[in-house]
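Below, chain A partners chain B and then partners chain C, in two separate complexes.
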Partner chain A sequence: MLLKNTYNEFVKILAKPRSYLGIGALTLLIGVILFAMKADGSSFISFVTQSFEQTLSFNGNILNGNLIAFIILQMLIIHIPLLIALVTGDLISGEAAMGTIRMLATKPISRTQIVLSKFIAGAVYTLIITVWMGFLALIVAKWIFGSGDLIVLNSDGLVILQEADIFWRYAMAFLVAFLSLLTVSSLSITLSAFADNSIGPIVSTMAIIILFSIIGSLDVSVFDHIKPFLFTTHMASWRSFFNDPVPMARIYESIVVLVAHNVVLIALAIFRFNKKDITA
Partner chain B sequence: MKTIFTLLIGFLTFSISAQDATVLLDKVVARMNSVKDYSVDAHIKADIPLIKVLPVNATLYFKQKDKFKVVSKGIAILPKQGFTDVNALLAKKNSYMAVDGGTKQIGGVNANLVTVIPTVENSEFVLAKLWIDPKKEVILQSEITTRSSGTVLVDYKYGDQIEFGLPSTITFTVDVKKFKMPKSVAADMHNTDDKAKKKDERKNGTIIITLSDYKVNKGISDDFFKDVKKKD
Partner chain C sequence: MSQPIIEVRQLAKKFGTFEAVKDVSFTVNKGDVFGFLGPNGAGKSTTIRCMLSLITPNAGTVKLFGKTYTEDRIGILSRIGSIIEKPDFYKYLSARKNLEIFARISGANVSKKEIEEMLEFVGLGGRGGDKIGGFSHGMKQRLGIAQTLLHKPDLIILDEPTTGLDPQGIIEIRNLILRLKNEQNKTIVLSSHQLSEIELIANRMVIINKGRSIVEGSVQELMNAQELVLTLEVDQLELTKTLIQNNFANAQILSIKENVLELTLEKQQVATLNQDLVRAGVSVAALEPKRRLEDFFMKIVNE
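Our next item is the complex of A and B:
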């Protein structure tokens, strides 16, 4: 019954035009970045390497598909949560707004399973967005710019990773990026369980992400104890796969925090939906 | 009278030492000029503060007097100065003067120091110190100071291509004091470990290039170098 309802939920997602808005916006954004890099990518590179280039020369195909994928991932990981929340923030509250939630609750399926099916459908949508981003960022960028070593600018210097050592890093990075976006999806579905309109959970999700990101970026000691527990702190942990050596302990910590957020948010949504007085 | 005599002796000594230095340098330049072009396989190992990079294999191409190209599958880091600059400077005989600067032991060889001072105004070169093996007539060490790149110290070791003055190993010591990370790009707000990290405070980096399989004077077309960016 859970799977059947999940399928129904996914069909509902596919039936909404806003679901395609996210994929369309993502395609457009990546298209713009690819065009910009093709037109004037070398000046972007020289901005990164300019302080080194007085003394050193970097030879080889620096502006390649691997670097473009990294730039795309870095730029879009901040914006994609909005595209995810636009769809997932509507999953429960949208039913309440349209009045279909009462009919849904009359089905021979528990309320817990209804919520779980919405979470799974939301996860599938998030996965599609992540895979699509991966396809455009990595496959299309490599097709346009070719392949090569990856030059990454970290806070402690430049890291140059050899081409043969990159694919597994991207595979793992996209998995962790998916987990980060899944947390956003879970947050918006949970907020959706508390609301009766679509806009509230979507705006609230983005407000929370912006607030947490600002707290994370403020170099003030009063927030030092909170930062490790904010999911936004761990949303960029995909980037750690491009360090050398890879800080696995830090990545595991991020995975634990993100999974814990998902579990707590799903539990909270189930609790709330089970207690919800469905009158509309 | 005594002062004039001392000045005369000093001037004569300077002239003789400058002559010796010029003669030695001319021999080195003649050896360099015997190479019209070459290609060579290079194994590049860079140990530079703020840059993590594994050794890279590349092929280097050179054609007199200053055409240079690196072909590499991966990203190869090379010093901006040091490969063709000595050739380019020494090719114009009227643009510099050579002064004898004494001797120094380098790897058991009593090397002569020849200081090359540019005589043209606004030259990119400020000074080049060349330690030359007077018997084999090859450069063992150089210290080149330019306006844009600071000072680059280069050590040369020779193998079977010594007859052309082509080294088998070149070690560059580059000044990295000017290296700065662009904050807006480097800022990784999710990296909470930065405060604890000990920064690499070294002021010099080294690039060791091992050269093998020279192909000398086989002829390389000028067109081959056309896509190479001109140096600033």
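Our next item is the complex of A and C:
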């Protein structure tokens, strides 16, 4: 029954116009970035590299597909959660708002399976968004700008990665980015189990991300103890794959925190939905 | 002996401090078309939601097919088809896709052919490919009934199925329910706030009000109660009163207003009263019997 209802969830997601809104918006955003970089990427690069020009000389194609993909990931990781929440925040509460939750909950399927099938469908949608972002950011960017070594500016300074040493890093970075976005998906589905309208969970998801991000960026000692447990702290851990050497211990820690968040959120949603009186 | 399909005992449900259902008990037997009657806000929908495991009651028991939901929720639900309040569907999907979605999780193997047959059965044969967004309320109700029947359930629960329908729609749904009863011998629970609707379709019923079940029994027995309430309009009030008191010991005068009396009288005595009054030279302008149950129900509704 879980598989049958998961299939149903895919049918519903595929039929909803808002599902394509997310993919369309993502395509547009990446298209705008690619266009901007094609039109004026060299001055953007000069601005970044000018502080190093006295000590380093840059040769070759710096403005290449690998760099553009990195820039796109950096810029969009904040905005994609909204596109994810737009669909996943509606998965349970949207049924309540439409009234179809009554029909679902009176069918011979357990409420746990109803919730799990929505999480699975939400995860697949998140995966599709991540893969689409990867395709546009890496494949299309490489096709337009060509390939080359990747120069990344991080907190330790400038890191130069050889072209042959990049693809696996992107593959792993996208996997961790998927896990981060999956946490957003799980959060919005869980909030969705507490609401009877779609707007509440979507706005709440974004509010939580913004709040946690602000707490994470505030250099105040009172927050130091909670920062490691906030999922937003670990949402940028994909960047660690572009350090040399890669800090695997830190990445594992982030993966554990994100997986733990997902498990707790799914358990909470199942508990809530099983206890919920369906009055909608 | 009748086989009970639904047994509700001393059901109670609170939402915060509001007691939606206080004490509801009734039994639905196999093959019944059972009317669940009560004014708006009586607790009908809450009771039905408890019967379908949408709501967990605070007290009391609900047994369907001899089992509680704790014992076998999936088994029970696989034998029920229901519409609660109004049938809601995925507006962005076609009628056919909606039925496919619900058929997939109905616990039965429903073929595409059966879905088409069901669309035909409810009179939506040519509209299967149309999106629900463009459907009228009546069409949605009919599709709702199709959805309840897809997996061939033993028990059908319809909560206010004619609400919001035009007269034509009401007749269509009523005929559809009668067909289910006559052609497929289904056990049907039908909630309504209209006595006339229950009277036309149901064979047994319960009346609930303010969260309590008031009366339960066969519709025919309840509707044909021997004691009637009569409204009598005459020209000689005092003579009429004396005649009633002397000749009809069981009669009880309920009210007198100008030349109109309201009294209770056994059904078989009505004709005799009329004859006695005429013989005594009383001119009877009106003799209107009202049924006890109707009067009783109207009193509940107006309370």
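We adopt the following convention: the second predicted complex is superposed on the first by the 279 of 280 C-alpha atoms of A that agree within 3 Å, B and C clash if a C-alpha of one lies under 4 Å from a C-alpha of the other, contacts with A are read in each partner's own complex, and residues count from 1 in each chain.
Simple rule for what comes next: contacts are C-beta pairs under 8 Å (C-beta built on N, C-alpha and C of every residue); 3 or more make two chains touch, one makes a residue touch a chain.
Everything quoted here is computed from the prediction, not taken from an experiment.
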Which of chain B and chain C A:216 touches, first, second, both or neither: first
Which superposed partner A:103 touches (first chain B, second chain C, both, neither): second
Contacts of A:159 with chain B and chain C, given as first, second, both or neither: first
Partner chain(s) touched by A:12 [first = chain B, second = chain C, both, neither]: second
Touched partner set for A:278, first chain B, second chain C, both or neither: second
Chain C versus chain B, contacts on chain A by residue: B
Chain C-contacting residues of chain A that also contact chain B: none
Of chain C, residues touching chain A in the complex: 15, 49, 52-56, 73-75, 77-78, 80, 82, 84-93, 97, 101-102, 104-107, 147
Interface residues, chain B side, partner chain A - complex: 48-54, 56, 58, 70, 72-81, 148-150, 152, 174-176, 178-182, 185-194, 197, 199-200
Interface residues, chain A side, partner chain B - complex: 47-48, 50-62, 148-149, 151, 153-160, 162-163, 213, 216-217, 227-228, 233-237, 239, 244, 247, 250
Sites on chain A touched by chain C in the complex: 1, 4-5, 7-8, 11-12, 15-17, 98-100, 102-110, 275, 277-279
